[in-house]
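Structure first, then comments.
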Amino acid sequence: MKNTFGSSVSLTLFGESHGRAVGAVLDGMAPGIAVDETFLCHQMALRRSLSAISTARNEADEVIIESGVYRGKTTGTPICLRIENQQARRRDYEKNANLARPGHADFTAREKYHGYEDPNGGGHFSGRITAGLVAAGAIAIAALRQKGILIGTHIAACGGVCDRPFEDLSADIKLLNEMPFAVLDAAASVDMQTTIAAARAEGDSVGGILESAVIGLPSGVGEPWFDTVESQLSHILFSIPAVKGVEFGDGFALAAMRGSQANDPFCIQDGHVATATNRAGGILGGITTGMPLRLRVAVKPTPSIYREQQTVDLATGKEKPLAIVGRHDPAIVHRARVVVDSAIALALCDMLALRYGTDWLAGKE
Amino acid sequence: MKNTFGSSVSLTLFGESHGRAVGAVLDGMAPGIAVDETFLCHQMALRRSLSAISTARNEADEVIIESGVYRGKTTGTPICLRIENQQARRRDYEKNANLARPGHADFTAREKYHGYEDPNGGGHFSGRITAGLVAAGAIAIAALRQKGILIGTHIAACGGVCDRPFEDLSADIKLLNEMPFAVLDAAASVDMQTTIAAARAEGDSVGGILESAVIGLPSGVGEPWFDTVESQLSHILFSIPAVKGVEFGDGFALAAMRGSQANDPFCIQDGHVATATNRAGGILGGITTGMPLRLRVAVKPTPSIYREQQTVDLATGKEKPLAIVGRHDPAIVHRARVVVDSAIALALCDMLALRYGTDWLAGKE
Amino acid sequence: MKNTFGSSVSLTLFGESHGRAVGAVLDGMAPGIAVDETFLCHQMALRRSLSAISTARNEADEVIIESGVYRGKTTGTPICLRIENQQARRRDYEKNANLARPGHADFTAREKYHGYEDPNGGGHFSGRITAGLVAAGAIAIAALRQKGILIGTHIAACGGVCDRPFEDLSADIKLLNEMPFAVLDAAASVDMQTTIAAARAEGDSVGGILESAVIGLPSGVGEPWFDTVESQLSHILFSIPAVKGVEFGDGFALAAMRGSQANDPFCIQDGHVATATNRAGGILGGITTGMPLRLRVAVKPTPSIYREQQTVDLATGKEKPLAIVGRHDPAIVHRARVVVDSAIALALCDMLALRYGTDWLAGKE
Amino acid sequence: MKNTFGSSVSLTLFGESHGRAVGAVLDGMAPGIAVDETFLCHQMALRRSLSAISTARNEADEVIIESGVYRGKTTGTPICLRIENQQARRRDYEKNANLARPGHADFTAREKYHGYEDPNGGGHFSGRITAGLVAAGAIAIAALRQKGILIGTHIAACGGVCDRPFEDLSADIKLLNEMPFAVLDAAASVDMQTTIAAARAEGDSVGGILESAVIGLPSGVGEPWFDTVESQLSHILFSIPAVKGVEFGDGFALAAMRGSQANDPFCIQDGHVATATNRAGGILGGITTGMPLRLRVAVKPTPSIYREQQTVDLATGKEKPLAIVGRHDPAIVHRARVVVDSAIALALCDMLALRYGTDWLAGKE
């Protein structure tokens, strides 16, 4: 289905980095959900760069709601969200249009689209396309929140520095959602930003690991085959540019455990079935347990670096060195955070609508 | 879409562990592909237990081709593959039917299906459902092979023992596809099996990491949003019971690198654009580069262990200890290997058919 | 998605006319719905021929439930329904294997599957494939019935003879569901059967029009774009072999009316909003009004006729006369009736599950 | 999938009649197809009203291409097409916001969206939403045309007046595509327009039948189950507001024929297999024969009429008379013509891309 994700609640993305606009069509969202433009701006701001550590391109990213919202509430029909590209500068990129940037999609785009693709700033492969996803995600996040479902993501690791683990999930999530640089431990936050600045100074970049938690999810959501909660979340998460790994619960660490360590014992908490530990990350057999959903996402370093790299001229087929110019981030992991939150929210809205019907997420009076 | 995966080539699974049969409907496969029953048996055998280290249940798993194959070749219409459950023993499980086994889907199945689910041996959540996937995968693997696309998977790690990395991919893949216990390094293979036996002796189990490689894939396959190669592969891989992590190329390790390390320089090899390294695992911007596809899958330890565990009686809501009886594997990672191969093959057939049309995989005379 | 229809409740069909078996996988049906094997047999019998007017092939069509039903109730997981082909006679057809039968799919199958298709009795294009659809439909019909949603179809016209229109829908539907030859007016029924017998005597065949009604549907189901109730029903109805037209409410007759005639005035009936007439067939803007759903389906005459016809030998590319032998129906419209009921039921189950969630159809205690 | 249609080539619609904008995202179109803005304007003009016989609302309908076209050609990535609503007049409609207009979706929208829907001018149910479909269809039509596939539609009947049947398809199609009022017979065209004017004078409206033909389609496209060519075309056609019937080839008339009349004899024409007649409308077994595709669509009369009608006040639940004011068409069948062409083109592009791959439609140099 290409640029559309989801079946009951679905998202379609469009746009190129330096075209007229980027945006999204969010369809199937329940009617009556309040659309708070302040929150929308807040989320868009989280996706933008931090002046201290990021790229020079810094757009206002005003979201124009073209349809689907009436008198401040979702109508239930498609919500088109459009963000104009005000700082589009196609010329910056033209000089090197045939030099495939390592780590970027320039070469694969050429193989797929035969040179008809818009190469400026990565075109449709640009991280800028996530602006539409974040705008739509803001509505999904708000819809979930009014049902008591909260999502939070922190930078668990960046450039060799680790954040503290989640502790009080409710408090941590609240905290994270206000932070432009989402790190729970203040000292780690400073260290990470120092590391990013150091990489920038060397014309280089860094990656990182994002860790997310979702609380308030009902049990019994998801499918055994093939639409497990892990399958649906990984499907959307692996669409986010630069994501190269996804794990749930203790993930890869589970592979090294014994069953007696890895299994979460069942117990009764507050009159409900719960698990004493949560190594499974809130999912068993592809279906939610009602425990917090936990996942981690590996984000590779920004491929745009100023250091000279070896590449190939796609027009001539000759090897050639490349020095990238233009505006680039030495790290995108902090900006990817809100993209991950948004992607999780959209996939969950879809799963919940399938499970409980199209009105389940509907606004409460 | 629940128990159906894929859009041009699609797979539908059915069955319960101790019902009449398990099976699959494979639809959209190109016409004229030779279906070699010897190879089908070979693949089914790889999924079965090894007597030395595995469960006592060991069925012949004869695959009955109900439709879609005529005169030894695929017709292009749905292929129904059915495997009868000859050793179904529903009684073994009944005694503990209300005690949710930790690490299993008993509790989440109850939350989703309200007690109407077949609880025997995990019902539709059982690893036995993978028999249908492997049968369908055998046809997909054969279809890809005649187009020069080869898949191989080894146990990269199990119980603390690591295999050697892939070296000569073509030779390694050939070797692995004949091995019942897919480990490239002979000493590591012995050590892993010893470790599994030790876990078994202690009434415990182990997990592991599977590493796969695919060679011969054309470049330009996949989509930027949302059907990236990673998205589609992770979607099917995370459906396999016990899979809790998926990474592509250097995956989580990329998160700790600098961009200058992580980027694969482009170069010319044999007159074609290639990359000097392959940290991206053959995928950039969600689209194949033509380099080998590389991925790793984390498999949690078998949740069925003989050690006493803490759980809850779902009928009474009381905490209760549980001692699992019956037939269980101390490890499934070696059996999951062929399931992973099959899942990869099915997803690739779908992507290739979408890219190049429904006849692309068609049999060569 | 080819041989799979539906998104929340979905059906996958497999099989060939003279292969081992035909069947269906019904997925996503709510748990706890009683599966009454007597009703299943009843529905299968309605699909079979009437000895007086039909083909000599008359199989018992025993439905084997391979999965998804436990202790007489749906589990919520895929229900595989398999019907063995006991009277498969591949030899009957071989002689003329290269002579494309007019009105059949022999030629188009060859164009699509390049000769790898199973040509015996139409292979996967045979009306026999509807056996799986009817088996699955029986479960869907039962699920709807316990929610008060009832479906009935009569032969509105056949061979120039017309049935009386629907009158008391509730009574008419009840009556029809017991009739092997579904005609409300007894005299018309006799006339139609006489007409069919006459066509048979002349080595010819007849078609007909099926008219369906559904009562008890809630209002507010369906989508404005693109999954209107009409879109989803026509999608599945036009899959039934021989269906060449579908209309809703007054359908084509509306095209000749004035708006003042065609519009159904709204009124209040029993405290609810209703329409005084129902020319729209219970659907406005693609969404159910709560009034009875009404549709008509055009079924072309059975293409298999004994009269000599002009055709082409696909092997030699030469024109050649064809005299069809074997077992054939002079009419299928009476057998298509239960196929139409089943198709409607399956599509409605899917729409209702999407609208109200996967448990909405669940069995009542 | 709601407001998205298609799987390899897909269309997503958004917008409300009196919101900011309406539009479409066309995804999966092959790269390199020339986008001719003159042709786009031409198609948009065909959708607009004719001053002599139509509504007073007559927007310029300028299509803004937000993405997916670069240097005049499709890139292969999503094409967002946006049309601003310049004459939005929400106030006209507010007075009667709670009076459900007969024949409109006001009541069903309320049942589905609980009053959160935008009621102005029908909101997302308005025929204005077809502007996005026509814009996208213009690109699809151009893509097909360069592959030699041509579509034409005429008003076969309107207000009791019938057009002549298709004769020389190639010439007729060429003619129709230039006509604002698509009637082949000049006298019939005048009569139909007279009839429309008469209905208008009486505060009433008329419907009609559209008949379409497609030439140049390859054989072997479509699926036996469930994605027959008829299924996919009817799915999109029944989404068009006011469409209540769809038939292929001789459609409902086939139901009254004998098999010997209805079957199209095969023959050899110009060295290819063809049929001597084409009652099947170019489709057998759900798959194209290579003969012209023929279909007919029933369009009900415009539901907005000036005559007083009986309805219900949805706020009070009381019956009430309604006199509709505002701008309305006494007929939409002539405007629906280009919508039907566009819908057919979009569905065919999807089927062809699935059959032959995503590059098949790609632009020729």
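For clarity, chains are labelled A, B, C and D in written order, and residue numbers in each chain start from 1.
Just so it is clear, a contact is a pair of C-beta atoms (placed from the backbone, for glycine too) under 8 Å apart; a residue touches a chain by one contact, two chains touch by 3 or more.
Note that this is a predicted model, so its numbers are computed, not measured.
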Shortest path length from subunit A to subunit D (each step joins two touching chains): 1
Pair with more cross-chain C-beta pairs in contact, given C-D and B-D: C-D
Distance between the centres, which are taken as Cα means, of subunit D and subunit C, whole angstrom: 27
Centre-of-Cα separation between subunit C and subunit B, whole angstrom: 37
CA centroid of subunit B to CA centroid of subunit D, Å: 45
Subunit B, residues touching no fewer than two other chains: 1-4, 7-8, 13, 77, 112, 124, 224
Complex contacts: residues of subunit D adjacent to subunit B: 7-8, 77, 224, 354-358, 360
Footprint of subunit B on subunit A - complex, ascending: 1-5, 7, 13, 100, 102-105, 107-109, 111-112, 124-125, 129, 157-160, 199, 204-209, 219-228, 230-232, 234-236, 238-239, 241, 243-252, 254-268, 271, 273, 275-276, 280-281, 283-290, 298-305, 307, 309-312, 314, 317-319, 333
Contact set on subunit D toward subunit A in their complex: 1-4, 7-8, 10, 12-16, 19-23, 25, 27-28, 31-32, 64-68, 70, 73-80, 82, 112-114, 116-118, 123-124, 359, 362-363
